[in-house]
Amino acid sequence: MNKFTKVKDVQIAYIGGGSRGWAWGLMSDLATEGALSGKVKLYDINYDAAYQNELIGNRLKDRVDVVGQWDYEAVRTLEEALTGSDFVIISILPGSFDEMHSDVHLPEKYGVYQSVGDTVGPGGLVRALRTIPIFVDIAEHIKEYSPNAWVINYTNPMTLCTRALYTTFPEIKAIGCCHEVFGTQKLLASMLEVLQGIENVDRREIDINVLGINHFTWIDKASYKGTDLFPLYSQFVDKYHESGFEGSEEGHWMNNHFKSAERVKFDLFKRFGLIAAAGDRHLAEFMPNTWYLKNPEKVREWKFGLTPVKWRKKNKQELIEKSNRLASGVEPFELNPTGEEGVDMIKALLGLGELITNVNIPNKGQMNGVPLETVVETNAVISYDNVRPVLAGKLPDSINNLVIRHVHNQEVTLQAALGQDKDLALQAFIQDPLLSTLTPEEAAELFEEMLGNTREYLNGWELQEV
Amino acid sequence: MNKFTKVKDVQIAYIGGGSRGWAWGLMSDLATEGALSGKVKLYDINYDAAYQNELIGNRLKDRVDVVGQWDYEAVRTLEEALTGSDFVIISILPGSFDEMHSDVHLPEKYGVYQSVGDTVGPGGLVRALRTIPIFVDIAEHIKEYSPNAWVINYTNPMTLCTRALYTTFPEIKAIGCCHEVFGTQKLLASMLEVLQGIENVDRREIDINVLGINHFTWIDKASYKGTDLFPLYSQFVDKYHESGFEGSEEGHWMNNHFKSAERVKFDLFKRFGLIAAAGDRHLAEFMPNTWYLKNPEKVREWKFGLTPVKWRKKNKQELIEKSNRLASGVEPFELNPTGEEGVDMIKALLGLGELITNVNIPNKGQMNGVPLETVVETNAVISYDNVRPVLAGKLPDSINNLVIRHVHNQEVTLQAALGQDKDLALQAFIQDPLLSTLTPEEAAELFEEMLGNTREYLNGWELQEV
Amino acid sequence: MNKFTKVKDVQIAYIGGGSRGWAWGLMSDLATEGALSGKVKLYDINYDAAYQNELIGNRLKDRVDVVGQWDYEAVRTLEEALTGSDFVIISILPGSFDEMHSDVHLPEKYGVYQSVGDTVGPGGLVRALRTIPIFVDIAEHIKEYSPNAWVINYTNPMTLCTRALYTTFPEIKAIGCCHEVFGTQKLLASMLEVLQGIENVDRREIDINVLGINHFTWIDKASYKGTDLFPLYSQFVDKYHESGFEGSEEGHWMNNHFKSAERVKFDLFKRFGLIAAAGDRHLAEFMPNTWYLKNPEKVREWKFGLTPVKWRKKNKQELIEKSNRLASGVEPFELNPTGEEGVDMIKALLGLGELITNVNIPNKGQMNGVPLETVVETNAVISYDNVRPVLAGKLPDSINNLVIRHVHNQEVTLQAALGQDKDLALQAFIQDPLLSTLTPEEAAELFEEMLGNTREYLNGWELQEV
Amino acid sequence: MNKFTKVKDVQIAYIGGGSRGWAWGLMSDLATEGALSGKVKLYDINYDAAYQNELIGNRLKDRVDVVGQWDYEAVRTLEEALTGSDFVIISILPGSFDEMHSDVHLPEKYGVYQSVGDTVGPGGLVRALRTIPIFVDIAEHIKEYSPNAWVINYTNPMTLCTRALYTTFPEIKAIGCCHEVFGTQKLLASMLEVLQGIENVDRREIDINVLGINHFTWIDKASYKGTDLFPLYSQFVDKYHESGFEGSEEGHWMNNHFKSAERVKFDLFKRFGLIAAAGDRHLAEFMPNTWYLKNPEKVREWKFGLTPVKWRKKNKQELIEKSNRLASGVEPFELNPTGEEGVDMIKALLGLGELITNVNIPNKGQMNGVPLETVVETNAVISYDNVRPVLAGKLPDSINNLVIRHVHNQEVTLQAALGQDKDLALQAFIQDPLLSTLTPEEAAELFEEMLGNTREYLNGWELQEV
């Protein structure tokens, strides 16, 4: 479609604009896209970090290899960031790595291991309790200062962040974006190479129908150029179920340290018949802990990694140093398209061509078998000022049963966070599959301690005295 | 309401008419009800047992204390039983106590204990696989020989038996009946006596709204003569949570051996805020096995009983002997109204007054938050040739999450039974909360062995060779 | 059911307490009901009328034939009336008979006749535009001063009055009550007498399932003591289709002047197969004007009456005079139970026995085929602090099509009234079946003039200058 | 997307393969599409016509300007046509022009004019009664002989033809296709030229959201390259409301004789606020006959045409002669792409690139406010072996009310046709808006006569003797 070709003066508010991963990614993607130009306002509770990104971003302007011209400006308030914005990008860390340390590692006392700890499981749930009030606040600001802007969220727990935005401001135009499905498309592309010798298949050429919730999404239909990929995948799984398949995620810009051998994905296929479309580290956390996360040895057998928070802390230090070098110009900023679709979405929403991709938005009927209004992940058609979900159908009942208990638990978590209701939050907590081997008393004890560790973010809650 | 007062020539088909518990109960109830008379055709795969019941039933006719006159006739085929019937009562034992022994006790090898084993859990699921084909067959016969009869089912697993009837013959007029909710009404009546000194409250005076699935039904509203019972129940639970409350089920005609101290019910109330409306033995089986069924010691602490199948076998022997005595007239048949509502329902369906009570029927919108068409237990208005559910609303999301995983699992079990699909059945099996501490491999192993033990009833299934 | 027997100190707020029909009816019903006593606060925009009713009501206290003791007190504000009330009764005339004159008679210029003009049709729609803001105001006051009270509305247009209450205050506990269905039950009782010689059947003995919207409700199942009434009704219709059947409504307390010969009802049965359950005067207004209201001659042929507003005006004068006589004691107040169920409902809501009857409340699934939340009329079970609709099912598509166009039109009317949006109101107006022979231009002209005549009640609307 | 580029050996069954309009159009479209080749089997109840098309089609093979190579073969049975087919195209005339003459012109006796008479209105309804059994038969054959083929229907009444296919064979993969929406996109393109001087806008560049039923579809969102078209359209309507706008449909391959000046469309926009997306001739038939079809003079004022069946008869003669010339080679076949999307859809379904366009399929939730399973027209994403509707949302209630009465009427018509139930069919007939000025007696009379004229196609119906 020969749409119009260029839009100037786009204004983007970046919440979490001091980030050293996602913000740099966005700079790269904007710099290499010639169709857009404008301004990015960087807002962060750490203003200095945002300011450093202002310096880094503005250094790009004079470079010959940069085709997209953008001004970067760190601002001190949400209001300033949002006012006049056409798009709002949210990519924040709710709390610090100290809270995350408690989320991820405290449950290990009870033999409960988590590979990521930011989505479901005890860590994901407590993170959600901490994050929802922040997103309520963001939504209220958007309602006041940029009600017509399109909002793109990258923060986890994706489902509940997006749900909190819509609950607070139902008319918000928000979409939650995540690259996990892309990873599975790439795996299918690798499969085509391995099994059929077809090289250089772009993941976008893999047509899929996706349905589920973020990080626990499923593919029930996949094809490549007129070929149904399910029979092939079945072969593929048979071949690599035991050994695992390595290599598909190489070079993924964010995931270098997060590889897996896809054995969890293969096992889920053998047991349930559909392709789970997220990294194994995420998938494992949605199942009872006797399945894939029983203990570190089992995890090693399943060939995926536990991501210790101490690694995140170390990595952060390295990024701070890199940030200093980039800001001062000692190290040149390397243009490195991320493969994320944020900029593609912005283009589509501006009218520069239609895009069909998976997004996280409230269920208006696109996914049967889960309650309306809960946030689900399916394909949508994105075009000028418009995001319309594609009807994705219904998961088979047995898989739906795996998914829907998380959907309900997330709803309860949302209600608990909005009502600052510890009893209710505990009702969700004790139903999490990762805790299914604990007694309710043990679960309650763990919950109390975890809440205590994040108490700073739980204004208004009645917590036990320390 | 002064309805008309008497209906003659009612014809009832009793499937499972050789039963020595339910059949005698029905005889009692019919004999003490003056408004009805007619004929009961007794059908049983054990014709001799049915015939003995024919003898027992017909002995009642001459007694002065009998106000309801009925002929009993044992018949040799379903067709004979059904033809011309106005009502069909189904109360069968699917398989023998040998299969039930495997259902209930085999999982103990893996540390999985079951108090009843006929509804959910590994035992309930395997029992369902065995029972569904029988109910498909019954439904096909009803469709052919008595499509307009009202069908009252007492057989467990109630939900899936009723679901199988409707799936096979969607126009069937069937209701599933169970007395567990009555027991909870009686508990509330006892509470009124204990806390307020109000004596002799009839359970029917306790107004309740019930919603859920059979044996896992919940009360979210209860009143007695203009008094809300929830604050009282809260007091009651506080008082008896630790010690348990005994005495409410005394003298229940069937449950003498099945008492509990209601501690599970009280614990669920403390944790979730609603009144669970079934016996503790049933309730415990719907929760993860770490909660109430962790091991026999724990069960004793929670003060409810495991019902060993060897007790059932012994009990059966005693009943056979009693049956001989009753048939020969050596022992007189004692008229003992059961408290079941089957006969009340029959009266209402014939136009002899309206009845509001809880029934198990497909969800046509009476219960929000669970899929349409699945069988749910709520109140209904029963009147002439008519059963109309009352809108029961929706469970709170956290309780709904406990319930709905069973709903989905039962749907998968149904599909597996209808399709003779072992893989699908296993998908349900490994999701049962009572098995949540097993690895999927252990669960699969147990499943295989349990299926083998019931193979006689699994025509058409591909099972491992013995 | 032997419920508790007496409730004292009930407080009722009567909005429209100066009424000379419904208020006197309530006094009668309360005076003859021994189970209740308390106080009625009479609020009316015409305080003097309310005060006169205070005098009339309080005169009852000393009478020996009065078994229910009530104090009556006229109050000057809604706040005073509502504060402390357990029940709120709403029975008002929105606007005066002058506005009603325009509603009913102005359309006659275009050949459009209306028999009542208070529900649908041009008159009903304009009346709704006038009434909705009043009900919004009432609902806001209830929300503030008596949020837990049960609200019983008698005002027309019933559907939109009730809808406006719920839209404004979604947690309101309101029910809309109307006797039209009772009239149809009485017709069926008369039928039993005429066709079968069964005398003195109470309308409550006629079991029915009702579904539809107020004044356009339908019966799809009717029985009397175990007999299906549909075959009988078919005979009855064949017999009286041409001549009409007279006599069934004799002595109805309100309807003496509003008789019909049921020919519209019979014709609808012949054409569509179900029993329409409202007076012919109402039913006729829901159909295209070519059907029953083509012109006064046709109306006479169909044997129902047009109620001219001048009759209402005259009748009002007579009632004022009667009111004076009653207040002064010159004329004794005659105790005359109305047959309305308001007091029965109050008893049931207080816990004095369960009641199943038809009510107007938002659709929560009790009626399929019409949108959720719109107000529908079906049976409900009324018990202590509880109104639960009974699942009524779905109308056949062809009848549903007659009903649903009014449902949608009423929704549009509601939106127009809430948004003071004349264009939107006109979109509903031109779709009313009574106007189906007009061109859109004619309809728009009529609408403009009708709106002008009720402009006093349309604050905030942009209307043409006079 | 660089999909694979060519598919050979595609097999198409063409039902109605003797057609002289649509079949030639398909030949043109296939001949000019280089990505596909294969065989078309032509089936027609008029075998000779199909055979002549075989000759015409096969003449194309040797031509240098033809890039798509296809064999054409006339076959004598549906079975032969369907067996082995990948695609089935249905484009038939149900009955002859004699029946159509009755459909269109008989109602004129009662002052009821129809511009097309093939969709709704008295003509559309009677045509549906005649057509549905034919489509039931086709669906049964497809179920047996080509259950996996994709079926593309062009026959009217589109909604009921498609609905009949799915009712008969629920797993059918059928889509109903119509170019009326394209015409409205072209109108918007013309508007851009007229108002903004933007030339040569392709209709595919006009992004729209469509929702409704065939020939009564609505656009609630339209943009061109990042510009919202609604404000422009409002200007456009203001400018041309009175005069009409001519020229947008010039050269449309089928519609040369069917032009309009869009005044109906403009009037609907002024009254209801959305863009009606079909030709005025169709739109007018969905509204009461007092609106646009009151009489031939009014029609002329609204500037659209009544299509007399005698024109169709004459046109048919001309086409027969042209067919002879084409078959014999006297006249060369002119390659003339139709602008229809059938071939584009076939390509997309084969995996040759994704297509988003409007289709008629059962409502699975893509359109709120109309019953599930009824056939609606919305956008869908078409890709390899997959048609997934895009969530289109809900029409405003006032427009929905215009649409939904046809939806319900069509459902009743379907049931009547399937059940050969004249009473039921009449219930739909008398509710058609085009008959809203008739009395029910007049409507019944007309109905009887119209049915009589199509009796040849109403096997099993009880009709009056002639």
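Odds and ends about this structure:
Order of writing sets the chain letters: A, B, C and D. Residues in each chain are counted from 1.
Just so it is clear, a residue touches a chain if its C-beta (ideal position, glycine included) is under 8 Å from a C-beta of that chain, and two chains touch if they have at least 3 such contacts.
Going by UniProt, the chains are A, B, C, D = Alpha-glucosidase/alpha-galactosidase.
Everything quoted here is computed from the prediction, not taken from an experiment.
In terms of the stated touch criterion, chain C and chain D have no partners in common.
Chain A and chain B have CA centres that are 46 Å apart.
Annotation: 55 Å between the Cα-based centres of chain B and chain D. The residues of chain D never reach two or more other chains; the list is empty.
Viewed as a network of touching protein chains, the structure reduces to one closed ring of chains, two contacts apiece.
Pairwise chain contacts present here: A-B, A-D, B-C, C-D [touch as defined].
For chain A in complex with chain D, the touching residues are 1-4, 7, 204-205, 207, 209, 221, 223, 225-228, 350-352, 354, 356, 364-366, 368, 379, 381, 383-386, 388-393. Those residues of chain C lying in contact with chain D across their complex are 271-272, 288, 290-291, 294, 369, 371, 397-398, 400-402, 404-405, 408-409, 411-412, 415, 424, 427-428, 430-431, 433, 436-440.
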